[in-house]
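Right, I'll just put the structure down here and ask away after.
Think of it as A, B, C and D in the order they're written, each chain with its own count starting at 1.
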Amino acid sequence: MNEPVHRTLGLTDDELEKIIEILGREPNHLELAMYSVMWSEHCSYKSSRVHLKRLPVEGEHVLVGPGENAGVIDVGDDIAIAIRIESHNHPSYIEPYQGAATGVGGIIRDIFTMGARPIAIMDPLRFGPIDDARSRWVAEGVVSGISGYGNSVGVPNIGGETVFDETYIGNPLVNVLCLGILPKDRLVLGQASGVGNLAVLLGSTTGRDGIGGVSVLASAGFGDEDEDTEKRPSVQVGDPFEEKRLIECCLELLDARLVVGIQDLGGAGLSCAASETASRGGVGMDFDVSAVPQREMGMEPFEIMTSESQERMLAIVSPDNLENVLAISKKWEIRSSVVGKVTEGGQLRILDGIDGPVLGEVPASSLHEDAPLYNRPMAPPDDLNARKEDKPEKYLLETNDFSGDLLNLIYSHEWITSQYDSQLFLNTVAGPGSNAAVLRLKHPVTGEDTGRGLAVTTDGNHRWCAVDPRRGSALTVAESMLNLACVGAEPRALVNCLNFGNPENPTVMWQLSEAIDGMSEACREFDLPVVGGNVSLYNESQGTNIDPTPIVGVIGVIDTLDAPPPGHKWSEGDRLIVIGPEPEGLSGSAWAFGKGYRKGILRELDYDLHKKICQVTRELVQKKLVTAVHDVSSGGVGVATAEMAIASGVGCSLARISSHEALFSESSSRVVLAVNPDELTNVEEILNAAEVPKARIGLAHGDRFTIKGLLDLELQSIQNKWENHLPIAFEGGTTQG
Amino acid sequence: MQFEATVEVQLKAGIADPQGSTIENATLKLGFNGIENVRVGKSIRFAITADDEVKAKEIIQDLCDKFLTNPVIENATIHLQGVE
Amino acid sequence: MQFEATVEVQLKAGIADPQGSTIENATLKLGFNGIENVRVGKSIRFAITADDEVKAKEIIQDLCDKFLTNPVIENATIHLQGVE
Amino acid sequence: MSPTIGVIVFPGSNCEQDALEAVTSLGAKSKLIWHDSFDLGSADAVIIPGGFAHGDYLRPGAIARFSPAMESVFAFARSGRPVLGICNGFQVLTEAGLLPGALQKNSGLKFLCKPVNLTVRTTNSVLTSQTVKGDGLRIPVNHFEGNYTCTEETLEELQDEDRILLTYEDNPNGSMGDIAGICNAERNVVGLMPHPERACHPLLGSTDGQPLLKSFIESSEL
């Protein structure tokens, strides 16, 4: 191996120079390993940080914004909600079950780290085409991993997304959002303070799993490469039972106010937790590697410091409380060991025995704050203008099988969602399959029902973002707003997970920057603070980058939750109305992508109109004036109305939908309303007063799904297609090779 | 020819086995001493018809690679026994 | 003395094994012919220290009866191998 | 005096608070009992709630049944007091031998969370006394191992002794005889896979769990 060590660890020559400058000397191997994991893209956000700064982060209800393990907002009644989303894309490609399972475990730890009890997860997922056997293998494994871990750890899964598209064939996306609830005064931050306080490691033993790139440091010590990978598996195995006990143990410690600060161990393991707690608290730490319980014999200090073994937490405890902390850990059968102590100054010292030799010493904050920041070159695609011209509408003459096209676009997610416990804690008023998930809001300590509700939605649309990352991202935020309006909720905050390709590719960087701009613009317009997020880059395979896929999660509050929200079920005789602008364009639509038309131009979002549409939808829902409601998104009015008919078991006759655009366009700010004839005048008055465009499109009735002049289908045939789409596809079998 | 095959699928050596450790702890609590390193795997038995033993092994190996294991975290051991 | 033990836990003969049938069907879909009667069980490996082989077997049998199997639906086969 | 329902908590249980919420909403008192304690306190009846006791590692209920609290539940049950196992609790009771049979993986080999329709087969048990024979109840299931399995003799015995309490209308998991819930010969120990506590609030889509839990609470007053 001729390559200098730092380069094999993924550090550039400049980065090494910087480390030497910080330390005033050459780093040793242990120190180099810590810098290499902490300065990785994953932990340092070195390519994205300059852009993330543009996101608006302030808002009336924000208690904790980006920078901590999770964002926290105030939802009234002395209750706070912690929220965070994270990706586990790459591990899920090679070992779907465990990759997804450990993704769930990781995001849940971020939430109870804040003192919050995790009450819900959501899982936006992206897989390769469903007719590809390996993509099905990935999808099946990911879903059972989320199910296996989430159900067992006891956090209900209340929603998410599933998209199959060729752009994800070599790189699926597994994002998981978690929501936690806490009494406002229990909020804790991941910081160490109080010189002399102890660092206590809670949870699993530390093994060689997930030490990734830094394992090259030890390759000399082992024989052939096979043995080496065997000894240092890149895959971690999740243990939901350990995590469940860890949740209960940590929440009990926090309730009893026995810890000063607490931090989960995620990416970069102990290096990250030790340095982050110390630097946030403005202190240093002496860290004893020999005190870390190890799963395997003969682990090197750098292995211990960089291992990503799962289900571990680092708590900062004053010596007086140690005994009680150890007792509570014992009750929950959680392993606990004192591994360090808080020191003055800002140095993180790694020792072999707490009074033993110093193995490494770095300024704790340098692992974070001094991490390199890159403003990488950006460039729009060369053919940007030509792409804009290449609209799907150009190809309309070749295709006019409206029924077939519609049937191809509909599928029930039940094959997936029925594998998830969506009801635990008795909060779930609207679960998977709703416009947005709705939870009862109960006080986290007394259990008392506040009579109010929380609503959460996750949205992402790679099709829109492939066509135009800026507008696509803004539209994604807009869709979330509308989803919340459909359940009567007022939005409070947003989190995002930015899934992009290789940042060293200028087009990818341009996409990222554009997406952040679009998201920022929309968040500012909607007065929606960004309270946290995650960036996942290098989503590529064999040189092909995925379509840009920013995912957002938006949480809102429902003031009076005394009945389930209207949902998709209309009743026989309901009048059907679409509110919002005339549909325009098919670019970026599910219909167009299904046909292979992946280019074009997106219409700009009319923010004022969108706000009005959200407002009036919310009003109608809150006043219980509509039987059913469905925002128009993927698949256009065609899919929205078909889903409503399927949910209801009642067909419809529609008119005034007479073209591909009218049927499949996904242009924004539109909602389908089903209104009982008795309420029609009432509803139309409210719509008139709100000055929103509206059109009566038909009537809910019978057992056929009819659109005058376009199609006429038996409701049963749509229903069958919808129900059997995924089960039949998965019956085709899966293979991992 | 027909063979009885057993494929034992085990987690690779470095991979954590939470189920195994939990069982190990439970044996202690049940008063069984001296039990260590519990690892839990699958045992898959089936009958296979193939021209000869070599061929049978080949098929089973292929089956393991494609389907029965994920070589990233698991190993398979194949046992074969002729019945006719 | 230390022994390496493998306990193979199998469903009793009359008990339906949906996991086995699923694998069997999948092999067909993947184009593997001639695979039949697939049964899926657990293979539990561990190290055990005991005075001698007889004693070790006794302990393991007891462990199986009490804990490792559910006698309503499962059988166990014990394999033992001395290592010291 | 409203009775006190004790809810046993194992490491890995997760429906204990839900059980508590549901029975208190129906007027009972309730308290959690940690698995490590032999003391069931002043409980008039015991619920073993859903979840994944000890991670469901090895087999659901296999480790939990050895807990100190289970030893006391055994004696409690033998003395004729009401004991209810919901989902994981049902699995624990079969492993402990308090109820016959075993719960295997669902025939579809997937975890299954969804509302199902049940039929009441007998009102002669601590779980069904307030229901009407033949009535339909809509209650969610939430399990991977809910496929009730037993010998032909046991099944016959259950049928002959009228010990099948609830059956599935449309069998979701492969259970023998469409069995969703059974009781012991003395009819005071009951187990079922569906979650009645998830169907006790109008906002949650069904209140069909109420008559079951009311029966149970009432039986513990006697």
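The rule we apply is simple: a contact is a pair of C-beta atoms (placed from the backbone, for glycine too) under 8 Å apart; a residue touches a chain by one contact, two chains touch by 3 or more.
Since we're looking at a predicted model, the values are computed, not measured.
Between A-C and A-D, more C-beta contact pairs join the chains of A-D. Mean C-alpha position of chain A lies 40 Å from that of chain C.
As a whole-number value, the distance joining the C-alpha centres of chain A and chain B reads 36 Å. The centroid of the Cα atoms in chain B and the matching centroid in chain C are 10 Å apart. Those residues of chain A in touch with two or more other chains are numbered 239, 241-242, 333, 735.
With touch defined as above, residues shared between interfaces to two or more other chains in chain B number as follows: 18, 22-23, 26, 30, 40, 66-67. Among all residues of chain D, those that touch two or more other chains are 54-55, 57-58.
Viewed as a network of touching protein chains, the structure reduces to a complete graph with every chain in contact with every other. Residue ranges of chain C in contact with chain B, taken from their complex: 8-10, 20, 23-24, 26-27, 30, 32-50, 59, 62-63, 66-67. The touching residues of chain A, counted against chain B in their complex, run 94-95, 98, 204, 207-209, 230-239, 241-242, 295-296, 309-310, 333, 735-737.
Residues 26, 29-30 of chain C are the ones that touch chain A when the two sit in their complex. Listed in rising order, the residues of chain D touching chain C in the complex are 58-59, 62, 94-95, 100-102, 104-109, 147, 149-151, 174. Across the complex, chain B is touched by residues 54-55, 57-58, 63, 66 of chain D.
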